[in-house]
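Okay, so chain A shows up in both of these, paired with chain B first and chain C after.
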Partner chain A sequence: MGPVELLHMSVFSQSFSPCGRFLAAGNSYGEIAVFSLSAALSPDATALSQKPVLTFTAHEGPVFSLLSTDCHLMSAGNGEISCWSWSDLTKKNVKPLWTKRPNYKSSLEIPEINAMVLNTRDNSLVVGGGDNNIHILDLEHGIFKTVLQGHSDYVHCLSLREREAEILSGGEDGAVRMWDSRTGQSVHCVEIYKYESCARPQYGKWISCLTTDSDWMLCGGGPSLSLWHLRSLSPTSIFTLTGCQRQTSFYQDMILAVGEGPSVAHCLLGGEVKAQIPCTPQSLNTLQLNTNSAEHRMLTVGGSSNHIDVFTNLSYRAFSLSF
Partner chain B sequence: MSSDALKKRKSKVVRSEGGTPEMKRGRGEAEQQDVRVYNEEVELDSRDPEQDFQQYKESCESLATIMSEIQELKANGAKEGSAEVEQRRMQGCIHFMNLKKLNRLAHMRLKRGRDQTHDAKQKVDVLHLQLQNLLYEVMHLQKEISKCLEFKSKHEEIDLVSESEFYQEAPQEISRPHLTKNDPHQLTLARLDWELEQRKRLAEKYKESQSMKEKIQNSIEVKKEHLTSLQPGLNAIMQASVPVQEYLSMPFEQAQIQTEVARHLPPALYVLFVQANAYGQACDKNLSVSISGDVDEAKALSKPPEDSQDDESDSDAEEEQEKTKRRRPTTGGQLDDKRKEMLKRHPLSLCLDLKCKDGSILHLHFYYLMNLNIMTVKAKVSTSTDLTSAISAGDLLKSDTLLSCLYSSDQGRETPNPANRYQFDKVGIVTFADYVEELGHPYMWVQSLGGLHFPKDSSEGVSVGSSLSASHMENTMKLLRGRLQARLALHKQFASLEHSIIPVSSECQHLFPAKIISRLARWTTITQEEYMELPYTRHVADAGLAKESDLYFMSVVERGTARLQAALVMSPRYPEISPLFSLSLSWKGERTGRTDDNLRAMESEINVFKNELQGPRPGHQLLTNQISRLCVCLDVYLETEGQDDSVEGPREFPREKMCLRTVRGPNRLKPFKYNHPQGFFSHR
Partner chain C sequence: MGAVTDDEVIRKRLLIDGDGAGDDRRINVLLKSFTKWCNSPGTPEEGFTQYQRVMATLGQCEFSMGKTLMVYDMNLREMENYEKIYTNIEQNITSAHEKIAECKKEIQRAKRVRKNRQEYDALAKVIQQHPDRHETLKQLEALDKELQQLSQIKENVDAKLELRKKQFHVLLSTIQELQQTLENDEKSDNDDNNQESPAQTGE
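Take a look at the complex of A and B:
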């Protein structure tokens, strides 16, 4: 990979290994890099230990989504999902266990996969992407069992409410849809941009980030990032962040959000923006908290750069991993 | 009772002696003593000192009791001279006598003890002396023994043939195996004999060879004389053949003259001359080599024996220099002269002309700097057509940049010879780059062509001479030709770019849609500083991709109210290394490739996916194709932007390009990839 390619690389997705000692990151050239966190965090870490221990080409298009299960790593590229074994990857053995492709209707362009979530209740993988539909892959049998149809444009993001067995999806059409995962029916549809307090017509109406925590939902994108109470389906707090947000996460009593702009925003649930921590990439695509391992607890963010910033303490950038 | 008896005997002795022995001796009564036959010394032997001591104590005690008895009697009123007292006094006297005797005996015993000790001591001294003598003798003998052991015979320094060889080669009468097999001394002697024999033989052989050599030398002399006598005859024949050569137009003479001149070339230029000639004859008919410069001066230079490398006494020219030095004794002037001297070129230079198919010629002048031992090159281009039209192309064919980085990172600004650093320090030259304008560039490949090799790492071996030159010749000539053609192609392209026309050849037509609305508005060259000051090029500089040797340009593409600035870095090795674009769009505010993901995607479409834009080999159309794609991408960007705006009225940029989807992926990129036969745009 030449310097020009590195200059134009973007990091789209990240996932920590189940043991918490490795980080997988997918970039715009379809490559997945595996970083060793214990090497990067060790006191005698050099510049070399911030480089990946393994880089391999997983897909043709960009790797928009990565997901770790108990022992596997799922990666999504152009219309296909590959499964890799973490134990193989740590042994630098790169061969997918399987590769699956949802049944797409269109033929001209292969739809991309933008989001994946794992439903542990029935061991299935929920996949959303460019064909406006949500496909559910039964991991037991390896077949796509259900298709949730309803969005009128492509699906940006997915979230799962395990207790209610509900799947939430946000799309380019500006709607957040809630699906009953058992029946496959759309339960609710909230069009965020129609709420005046959230709408930002100068940006657009798409929903590019979505997170849930019991009865609370966090969503944003074209409209402002907002906190919703799901039982009453009404916005409770609006966060005044500039640019569109691409990923958010609840963390303790805070909300972390990344998106356009070179900073990680810390917000309080009340709607106040507490801090904006600067980082290396000019715009951010992904944010990931490592909760799998206590000694490697960290926040990593990636975006329009070949660097992945690591925060061991949430209030400042410790160092960067780089492709 | 026994004590009483003792007392009696003692008192007898005292009486018989009748005074101290000393007194008697003093009077000279030795005779009397002999007569008496009493010798106290004999008595001494028979007595026990322990007993004497006991006696002494008893006498003292009894003396004390007698004294106390007398005192008692006196106290009881006894008269002076009474019988009791008198008796006591007598007894006391006897005891005194006894004490005296004991005292004398003690003295005698002491004396005798002293004498005995003295005798014993004398005896010991004598024995000690004897021991010392013996020890010394032993030491001396040991020394003698070691001296004997260390004795070195002269024969040990002589290298002898090994034992086995000796038995093999030496004749029986010398080796005498029956004698020497068991006696190492005889063996050594025999080997020495053999050595002597051999040396004698070799000396004889040496004499023989010497005489042979003399004989051969004599014959050589004779032959030489014969050959020199041939010279005038040959010259005459040469002279006579000139008109024939002219008549037949065979340039033997000319070639000979050139080789004659070439003899005066310095070694480096000579290697290049020979190799370039050879390469030109074998592989490349369009390469011609000629020598220019003052031949006489070169002859003068090569005449004096080059035994001294010293700056001051090398040639006539230098003597002149010294004269001028004396005339101007200011230190500044001296240093200037020294510098000039240091940077002196050899009077002869080599000119290589490289002709291209389109009639343009690359003239390369190679110089040799005598005191620095490096070669430099100056380049000039002459073209068949007029090339003055393009302003921004000014730098392209300049001698300065034309050959820069022919091999990667070979900028030719610093001298490749590490030794020069010290020479420069002496005369106060900071960097060779200050003199490059005047002297030409000392590129690494130039040194290689001249067979000069300056290892950069100590691991590299030093390769020598013409094999080095030959190994570089073909590759370098190809690179030179490629460079010239690339530059000429760029030159032409710049001329039309300055008139806002992007030349797209028919082979590359399929890379772009038929209708491109965005237009190139401006094409100018900028300096590196100007480039660095732009807010949207920092990342390029940070990545180390904007170097001093690169060329920098600014292009502006416009459509309606939108104005896209693209700053370019172009490596001198173009098209091998593609130009790098950085974008900034001013339309509804200012956005750059740093802040806008779509502009970043456009940058990567142009910079990363350049391979499909290369066109026919060797890719001279890369730049214009990149600019065309930039226009296409701007069209797509503007037409797909803000379609969801609920603003009233007609759009500024109506959708004309066919797109499958206008946005895709988490960061909502626009479709910048053009699919040729179908004519639609899709995502990467």
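Take a look at the complex of A and C:
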């Protein structure tokens, strides 16, 4: 890959392997790179151990979403979902197990898939993308069983509310919809930009990041990043971060957020921004925490650069993996 | 030449250093002087001086031996001491490890508590924005009372209005009837008069 391509590469998605020893990252050229974390973290790591152990082209378009199950890696490309086996990938065998395409209404346009979540309760994959709908794929039978319609513009992000078996989706139309995963009906619809405290009309009304831990929800994008109490559907704290946030996560008693701007923001639930840790890429797209392995606990962020920053201690950047 | 010099050197070394070094030398010298004293044919004073010398050397040897024994005891006790310190430090290390694990658990607990407190604070902020329930209830009660009073007044006014209407109706109908009766009477009077006058002219 030439230096110009490396310069223009963006990392859109990441996923840790179920054993916690490998990281898969998808970029804007449709490639997926697998990095070995045990090699990169070992005391005698060289510059070579920060390069991927395997790079392969998975899709024609950018890989916007990656998801790991117990033994598989799902990747979303140009309107299609491919499934790879982690054990095959560690043995450098790059043949996908299957590739499926949701039923799109028109066959002319192929909408991209922006987000995927795994519903472990009924072993299904929830997929949201450019056709304004959310498709649910039953992993046991391999068929798309439900379509959730309601958004008037494309779906950017998905999240699962475990306790109540609800799917939350945020989209370009500024609405966060809550769907009951069993009946497929839209239970609530909150338009974030209509709330004065959150709205930032200069950025727009789209929602690009959504995460929940059953009682609370974080959402942001055009409107500022805000913490919502789901039972009363009211915003409780607004985080004053410049730029639009693209991915957030709850971690212990903190909130981690990445977006426009070369830093990872650490915020407290009360609304104060505790710290902003600088990173290599100029703007960040994805944030992942490795909770699958005790000795490889780390936070990795990727964005508009071919480098993926690794944080072993949340307060500073330890080193970078690069494509 | 070298061999002769070697022999010379060896002889000289043996002469000077033949007894060994230090304590060993002292014991050898003691033995030699003892045998010399036993076999010496000299005067009793000389014999006594030699005897004194032998005793002195013996004393020196005993002293040196005593010192070495004490040093040996001391080394043994130092070893014990070090063993004790070593086990002590090991215990400290394990207890420090345990304390670290405990503290880590404490930190996790404290983080959870902090998270809960912050969630509570966030919710409390939202709740504070809404007015107090008691006040709202009181306002509702006051409004209810006002409503009741006003409807009572309305009823009273309606009843009064009805009564007045009925009374006016009664009055007006009586007046009308009287008018009618008067008209009828007038009419019948006129008729009577008209009937009488033609009867009178006819006669």
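Here is the rule we go by: the second predicted complex is superposed on the first by the 321 of 323 C-alpha atoms of A that agree within 3 Å, B and C clash if a C-alpha of one lies under 4 Å from a C-alpha of the other, contacts with A are read in each partner's own complex, and residues count from 1 in each chain.
Assume a residue touches a chain if its C-beta (ideal position, glycine included) is under 8 Å from a C-beta of that chain, and two chains touch if they have at least 3 such contacts.
Given the structure is predicted, the values throughout are model-derived calculations rather than measurements.
Chemist: Fit or clash for chain B plus chain C once both are placed on chain A?
Modeler: In the arrangement built by aligning on chain A, the partners chain C and chain B fit side by side.
Chemist: Give one of first, second, both or neither to describe whether A:E172 is in contact with chain B, with chain C, with both, or with none.
Modeler: In the superposed model, A:E172 contacts chain B only, not chain C.
Chemist: According to the stated criteria, A:M1 is in contact with first (chain B), second (chain C), both, or neither; which is it?
Modeler: Once the two structures are laid over each other on A, A:M1 reaches no partner at all.
Chemist: Of the two partner chains, chain B (first) and chain C (second), which one does A:W216 touch, if any: first, second, both, or neither?
Modeler: Second partner only, chain C.
Chemist: Which partner does A:G130 reach: the first (chain B), the second (chain C), both, or neither?
Modeler: Only chain B is touched by A:G130; chain C is not.
Chemist: Looking at A:E109, would you say it contacts chain B, chain C, both, or neither? Reply first, second, both or neither.
Modeler: first
Chemist: Regarding the shared-chain residue A:I143, is it in contact with chain B (first), chain C (second), both, or neither?
Modeler: neither
Chemist: If you count the residues of chain A that each partner touches, which comes out higher, chain B or chain C?
Modeler: B
Chemist: Examine A:K205 and indicate which partner it touches, taking first as chain B and second as chain C; both and neither are also allowed.
Modeler: Only chain B is touched by A:K205; chain C is not.
Chemist: Quick one: smallest Cα-Cα gap between chain B and chain C in the superposed arrangement, Å?
Modeler: Scanning every C-alpha pair, the shortest chain B to chain C distance is 19 Å.
Chemist: Shared contact residues on chain A for chain B and chain C?
Modeler: None.
Chemist: Hey, which residues of chain C end up touching chain A in the complex?
Modeler: On the chain C side, the touching residues are 108, 111-112, 114-115, 118-119, 121-123, 125-126.
Chemist: Provide the residue numbers of chain A that touch chain C in the complex, in ascending order.
Modeler: Within the complex, chain A contacts chain C at residues 215-216, 227, 229, 232, 234-237, 252-253, 268-271.
Chemist: Could you pull out which chain B residues touch chain A in their complex?
Modeler: Contact set of chain B toward chain A: 539-540, 543-545, 578, 580, 594-595, 597, 600, 603-604, 607-608, 644-646, 660-661, 663-668, 680, 682-684.
Chemist: Hey, which residues of chain A end up touching chain B in the complex?
Modeler: My answer: residues 3-8, 10, 12, 28, 61-62, 64, 108-109, 112, 114, 130, 154, 156-157, 172, 201, 204-206, 208, 246, 260, 282-283, 285, 304.
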